[in-house]
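Everything below concerns the one structure shown next.
Labels A, B, C and D are assigned to the chains in the order they are written; within every chain, residues are numbered from 1.
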Amino acid sequence: MKLGIVGLGRMGGNIARRLMDADHECVVFDANPEAVKAVAADGAEGCDSLEALVERLPAPRAIWLMLPAGEITEGTIDRLGTLLEQGDTVIEGGNAYFKDDVRRSHRLREKGLHYVDVGVSGGVWGRERGYCLMIGGEKSVVEGLDPIFHTLAPGRGDIETTPGRENFDERAEIGYLHCGPVGAGHFVKMVHNGIEYGMMQAYAEGFDILRNRDKEELPEDERYDLNLADIAEVWRRGSVISSWLLDLTSIALTEDHELSEFSGQVSDSGEGRWTIEAAIEEAVPVNVLSSALYTRFRSRTDNTYGEKLLSAMRKQFGGHAEASGD
Amino acid sequence: MKLGIVGLGRMGGNIARRLMDADHECVVFDANPEAVKAVAADGAEGCDSLEALVERLPAPRAIWLMLPAGEITEGTIDRLGTLLEQGDTVIEGGNAYFKDDVRRSHRLREKGLHYVDVGVSGGVWGRERGYCLMIGGEKSVVEGLDPIFHTLAPGRGDIETTPGRENFDERAEIGYLHCGPVGAGHFVKMVHNGIEYGMMQAYAEGFDILRNRDKEELPEDERYDLNLADIAEVWRRGSVISSWLLDLTSIALTEDHELSEFSGQVSDSGEGRWTIEAAIEEAVPVNVLSSALYTRFRSRTDNTYGEKLLSAMRKQFGGHAEASGD
Amino acid sequence: MKLGIVGLGRMGGNIARRLMDADHECVVFDANPEAVKAVAADGAEGCDSLEALVERLPAPRAIWLMLPAGEITEGTIDRLGTLLEQGDTVIEGGNAYFKDDVRRSHRLREKGLHYVDVGVSGGVWGRERGYCLMIGGEKSVVEGLDPIFHTLAPGRGDIETTPGRENFDERAEIGYLHCGPVGAGHFVKMVHNGIEYGMMQAYAEGFDILRNRDKEELPEDERYDLNLADIAEVWRRGSVISSWLLDLTSIALTEDHELSEFSGQVSDSGEGRWTIEAAIEEAVPVNVLSSALYTRFRSRTDNTYGEKLLSAMRKQFGGHAEASGD
Amino acid sequence: MKLGIVGLGRMGGNIARRLMDADHECVVFDANPEAVKAVAADGAEGCDSLEALVERLPAPRAIWLMLPAGEITEGTIDRLGTLLEQGDTVIEGGNAYFKDDVRRSHRLREKGLHYVDVGVSGGVWGRERGYCLMIGGEKSVVEGLDPIFHTLAPGRGDIETTPGRENFDERAEIGYLHCGPVGAGHFVKMVHNGIEYGMMQAYAEGFDILRNRDKEELPEDERYDLNLADIAEVWRRGSVISSWLLDLTSIALTEDHELSEFSGQVSDSGEGRWTIEAAIEEAVPVNVLSSALYTRFRSRTDNTYGEKLLSAMRKQFGGHAEASGD
């Protein structure tokens, strides 16, 4: 297929390359001409404007946006709304909020344009390992893009087959899924990231307990100086908690089990926050997913105002400045 | 009554003074002679050893221990076990673990000695305001000490009477309660402190939200620069969340709403921790009490090892050093 | 002053009555004629339509809305937007979302109308005890309504004065506060309710631990059959956790410490949810406030799908149907 | 090697079989003669008493206990303390508390006996897949048992090698690890289970959000009826959250995505609880691991007393029986 790609950052560039490796044609644009040049060097047709990109694609067009969430995506979709023709499709592959997908698709629909949202997991490993794709949109439009999705997905690989899947959607076993109408793709990807935060935090807390078992205030024969790299490695084999995140943990701890390169200030993106809001809308209790998010908030600040207030109260009733008591 | 008091820190000294104000006699001892001298100056009979204190008390003796939890209390009870005579009573007024009370009482009982545990709330305000007392021990022994407890308790004050209490224990309305057998007093005090942590944290989080409403990244007309001292004060009147802790918060914020004197590193004592352990023993879910405790743990450290591990994982799958994305 | 009041439920009706007790005049309307009749019987001027109410008020008008949050309030404000004249003021006294206040005020401002938002705490006790008022809006407009707010507020009462408040806003000591521009009143009230959820949950967890201390699986001498009504009562006196909520707890437990009239299915309103959303917007960690909300979610359902999934996983790796082990 | 095995439940029996498949000899005993008969039928030497088992093993003996945690294990170790001879080794392979390991090892050491603790992960899949083993004990004793551990472990399999492990303990890559002195094996296994609870809960919450996205009260175009079996399956490929638990989730949801066979009452074992206690000892914040445990507690009860108390308070201040409001 011939696909337009707008936004050639790490993700967008590698998506283009993985498609071209499988003989799809990519017409690409990025605000940064260097990014265009780099992907063009690998075989893409580079453009110097959104208009040029639209022009070079045969109708009905399919244009994949891989831009930072927020204003840039919004603005680009607005402009495409005026540049595209009836029957064309905008594929939003960034980390959009599913409610924005719904809103945008309404606007494009008025002009006869289609909207497909794709949640993409895979990060820097995706070019090689393939991308897990969660897709929302109209059935026929999504099916029309199948060659693209099929190529980007990881494929069956040597992952064991789940028994009884004969009557289920085969695409899931290849690594992509049409989840439902517009927004459903980003919704599923959003929850995926929420789970990711929770799992990461579960490991983080566990390794924190292991690491702190050497504290002097503990009884001497209940104190252990543990080799965390070996522990991560042994858990990769036959244990209940083996996972890709654990594989990565083992790599990281083998490199430097002190993790001294890291400050521990952890970013969070929209998905983790939206997951909590979605849960609240549905009245679903999500203590673990929330705590994982809050740990990241706390990791980026010094002592909070709230903590100072705890100290202030303790001084008031206990008469001591930040020492133990009551 | 004539009461022995061992341990003349802020709490022990003020307990002696409140008792003497009501014409009880106090025979006192502390490892620090200056502390003995200070309380003796206010009318107590000072002793220079535990032996001397035991000697000067008429049998059956009652000795109130107000010592730091842990080894010092344990050692003093051991020594009293050899110094006291059948029928004497040890009153443990510190912050002991209720399981230690049970264990110690078994040991003393073998020698014909009684054990009473008293959880004391009130802090530096207690001398003036009175102490809320939660008592565990044998019925007859606790009743024998009633004059002491009655004096230490705050009294009815001008607190509104709870309707329907005619058939309940009157002592609760005076501010002291015989909660049950040995350990029950400290058990109830322990849960009291667990609740205290949770309440404090509820206020802390709320004021943190208020305080951060002025952040530049928020939409301009949804941003507020709030006067936290005034808000604490207004909530003291007619609101659902009025409390003594809120009164103290209002005092603290009126003094300095920046709380600039505080680092925000918050101590925790045994009770908060034991409360969680008790809940786990009983299989009672205690998300709020646990979170309140963990906030204190986190407040006393720099970024944790767990947080560094989150960053390390993110670098592995996202290819970026401590920046955003998935 | 002469005030229009729209919405005569429990809160609206009592607000009218408290105002009339202080010789304010109230012109009232409710969709339910019976509600109008009842308040009219206590001295208000009853109206049978919003138009009639507007007509009977002298310009510049002030109309207090006390309606269920959501569509009804929205619709009424829209209609008032067409009925009122430049210089008139809409007072939104319900539990509106502060972002809705901001949005609505923009719309009314275009027509020269003022908007004031008032968060009201006090519940059924308010008529007698007074209402704690948190107010947002333009300074001059809020000051013009001062007689109303002053009357509704609880007054200084016999609550101890906070030292050092001489240079602070006196109104806070009377029980009402101009918190900031439009939305600030409901924002502060929202956080108030968030704190309320957290405090309530702290007590709930604590009493749950006390209550379950009688479980047979616990060691016999660490098991206590505690009188929870007495414990709530004793904590009202001199303890760190005394509060109005504790007073109410004592009343409830004295009536029936089994709480057998209650199912334990606990409602939550918008404020508790919005508080979490506001915290997430500000990146403030709020583990306690979130947990309190989630407990309410969980209280209203049977076992969740998530819990079933836990069982399903355990069966897969442990080979047992909902029994213990790993 | 020749190994004694005591306790022939699902785990103990399969451990014997996996060892015999690799030509180790097993002398086995269980209180239930049927269990002995079954394993003997597969080649083990069956015994009808602990004494007989000890007798048939050549010194220095190694006896692997695979019994339910608690009294039975304690009693068996006591009896072995009298039956065994200097230089013999007790291997505790059950889910013991690491502090019990330490205590027991002290007792056995006085008699010249060795103690090795082994945390075993793998469940019903272990016989085929191998068991992940976390081992604590003296270096020389653990090394003497290496043939046993090597056989039980899963082996390298086709799991990708972690780069840079050349200088690390090779055994970790085979699936077993000598973690440290006595207790360290069960400590690491305990934390493993803590992490397991957290990860399971992260998935559970995520799937709960997906499942509830079809609720009628949501806006119609933000509502999705998602195929959870397909979603679990697609996440197995290329996504950040792929894991063995997710593989199992996919199997379970493919069988029945309604999970109608499950009540959702989820057991918890000692390890999850002890993990929290260990974290508290170390002052490590573990919000996620705690919440995961509490969800299980809550899953096994009807509405809690705490929840009833919330309703009772709401009735007191809001005047309504379990309905909405403030």
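Quick note on the criterion: contacts are C-beta pairs under 8 Å (C-beta built on N, C-alpha and C of every residue); 3 or more make two chains touch, one makes a residue touch a chain.
Composition by chain, UniProt nomenclature: A, B, C, D = Decarboxylating 6-phosphogluconate dehydrogenase.
From a predicted model like this one, the values you see are computed outputs, not experimental measurements.
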Checklist entry - How short can a path of touching chains from subunit A to subunit D be, counted in steps? => result 1
Checklist entry - Pick from A-D, B-C or A-B: which pair repeats the contacts of C-D, with over half of them the same residue pairs? => result A-B
Checklist entry - In degrees and to the nearest 5, what turn takes the CA positions of subunit A onto those of subunit B? => result 180
Next on the checklist: Taking each chain's centre as the mean of its CA atoms, which one is most distant from subunit C?
Outcome noted: D
Checklist outcome for this item: The distance between the C-alpha centres of subunit A and subunit B, rounded to whole Å, is 46
Next on the checklist: Counting only Cα atoms for the centres, state how far subunit B is from subunit C in Å.
Outcome noted: 31
Item to check | subunit B and subunit D, separation of their C-alpha mean positions in angstrom | outcome: 38
Checklist entry - At which residue positions does subunit C touch at least two other chains? => result 121, 123, 125, 193, 196, 201, 203, 205, 208, 212, 240, 244-245, 251, 268, 283-287, 291, 294-295, 298, 304, 306, 317, 326
Next on the checklist: Under the definition above, what is the set of subunit B residues touching subunit C in their complex?
Outcome noted: 98-99, 102, 121-123, 125-126, 129-134, 153-160, 162-165, 168-169, 171-177, 179-184, 187-188, 191-199, 201-203, 205-206, 208-210, 212-213, 215, 218, 221-222, 224-227, 229-231, 233-247, 250-251, 254-255, 275, 278-279, 281-289, 291-292, 294-295
Checklist entry - Which positions of subunit D touch subunit C when the two form their complex? => result 10, 95, 121, 123-125, 193, 196, 200-201, 203-205, 207-208, 211-212, 244-245, 248-249, 251-253, 259, 261-269, 271, 287, 291, 295-296, 298-299, 302-319, 321-326
Checklist entry - What residues of subunit A sit close enough to touch subunit C in their complex? => result 240, 268, 273, 276-277, 280, 283-287, 290-291, 293-295, 297-298, 300, 304, 306, 317, 326
